[in-house]
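Right after this note come the structures.
Consider the two complexes below, in which chain A is the common component and chain B and chain C are the respective partners.
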Partner chain A sequence: MGAFDALGIANSALGAHQTWLDAIADNIANINTVEPTSQTAFQATYVQFGADPNGGVEVTGLAKGDPQGRLVSDPGNPLADADGYVRQPDIDMASEMGQLVMAQRGFQAAVQVTKTAQDTYTAALQIGAR
Partner chain B sequence: MSITPVQFPSFPTAPTTPTPVAGADAIAPSLTSTNGVSGPSGSGEEFGSMVLDGLDRLEGLNDRADNLAVQAATGKLDNIHDYTIAASEASVATQLTVALRNKAVDAFNEIMRMQV
Partner chain C sequence: MSDPVSFVLHDAIDGLALRQRVIADNIANVDTPNFRAHSVDFESALSSAIDRGTVSTDQLQATVEETQTPVGANNNNVDLRKESIAAIQTQFQYQIVGRAFTDRFDRLSAAAGSF
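On to the complex of A and B.
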């Protein structure tokens, strides 16, 4: 614990939300990635957060989505099997967009914390100044 | 709903004997000693080491911010906020060090202006 705890804690929040944003970007980017039924579908990444005992938040793990995905009939797809099925990732686009907003707002909130912290430090420096 | 009276804790009475101020013992011998030219006893060195520790820490923060700035310029920076936070910390720490330096210089000038 030091003089810049607020900045350090906000830094951890920024890092966690950055990881979350990266995971959402990966999920959305691969939402149309289809695989043949003989292989596993693209697995979405879900970030798990945990509280840091020393203050702040940390990414405790990256959970993976269902490897089964969704079987979709798409006979025209070159990856389709004999029955005309392909494996699409089991990603909910609406959920990902909602999480995208949450991650962005969380990141912005952490940025605001850093601004307020720096304003506070600057105010403390004014004590006794002439 | 019943209202229970609130019991305020009794305020502690002021101690009749003054408690010694921490650090006064360190200053007192130099104040009472007649051979004042022997220099400060202990407290002056502590302030000096404090300033040196602060400068070391400031140097570390500035080095970290500089390294991250180089990473940003060379495209090796993973997270933008790592650099901005480090730069903020270095900036505030520099301001704090400068404020302390100004205070020390002010105190020195105040002593130099003293009528002898």
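On to the complex of A and C.
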């Protein structure tokens, strides 16, 4: 164990939550990305976390959403097929917004850990000081 | 003072000051196209000199190297989060070495009988 493990562990949490926030931002940005039925839908990115055996958290994988998406009737759309259908991504906006709050809170918590770690090290420096 | 412990402390505080300057340079260039972050290593030379017992006579040289981490937009590989954490850690290490200096000088003062 190193002397500054708390900072490194908090850093891993900041990085993992940053990746999560980036993925959510991409998913929400593309929630209205429509494709013709001849092509695959935009695939949402779902971040998978795993515990780092040396302490901290790491992104262990990025799962992709369903390439089939949802077929929606939108005959006025220039991308619509002969039956009037287009392909929309299968992304649940409510779920994404919920995850956005969770990812933000997780990031904030990790920032607080770095602050508390700094206070701890500052206190340790005072041991035996005159 | 020219005892081995003073040499170690001097080299450590010099290395940490260099690292803090390099971190500042990395953060200053966070948006500079084609920039590569640099890293400092003074610990390797210092610890091997301590192992050899030649810390008082060696000219210890810290190395500054370009990092090879993946580049992002702008062909730039500065990781602002990593640099910020490194700045915090280096600051504390500097304070710890400074504290070691202070304690040594305090002992010297006590031995000399002055306050």
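Note that the second predicted complex is superposed on the first by the 130 of 130 C-alpha atoms of A that agree within 3 Å, B and C clash if a C-alpha of one lies under 4 Å from a C-alpha of the other, contacts with A are read in each partner's own complex, and residues count from 1 in each chain.
Going forward, a contact is a pair of C-beta atoms (placed from the backbone, for glycine too) under 8 Å apart; a residue touches a chain by one contact, two chains touch by 3 or more.
The model shown is predicted, which means the values in this text are computed figures rather than measured ones.
After superposition onto chain A, partners chain B and chain C are found to clash with each other. When the two structures are aligned on the shared chain, A:A82 is found in touch with neither chain B nor chain C. In the superposition on chain A, no contact is made by A:A94 with either chain B or chain C. When the two structures are aligned on the shared chain, A:A123 is found in touch with neither chain B nor chain C.
Once chain A of one complex is fitted onto chain A of the other, the partner contacts of A:Q18 extend to both chain B and chain C.
In the superposition on chain A, the residues of chain A contacting both chain B and chain C are 4, 7-8, 10-11, 14-15, 18, 114, 118, 121-122, 125, 129.
In the complex of the two chains, the chain A residues touching chain B come out as 3-4, 7-8, 10-11, 14-15, 18, 111, 114, 118, 121-122, 125, 128-129. Within the complex formed with chain C, the chain A residues making contact are 4, 7-8, 10-11, 14-15, 18, 114, 118, 121-122, 125, 129-130. Those residues of chain C lying in contact with chain A across their complex are 81-82, 85, 88-89, 92, 95-96, 99, 106.
Interface residues of chain B, counted against chain A in their complex, comprise 79, 81-82, 84-85, 88-89, 92-93, 95-96, 99, 103.
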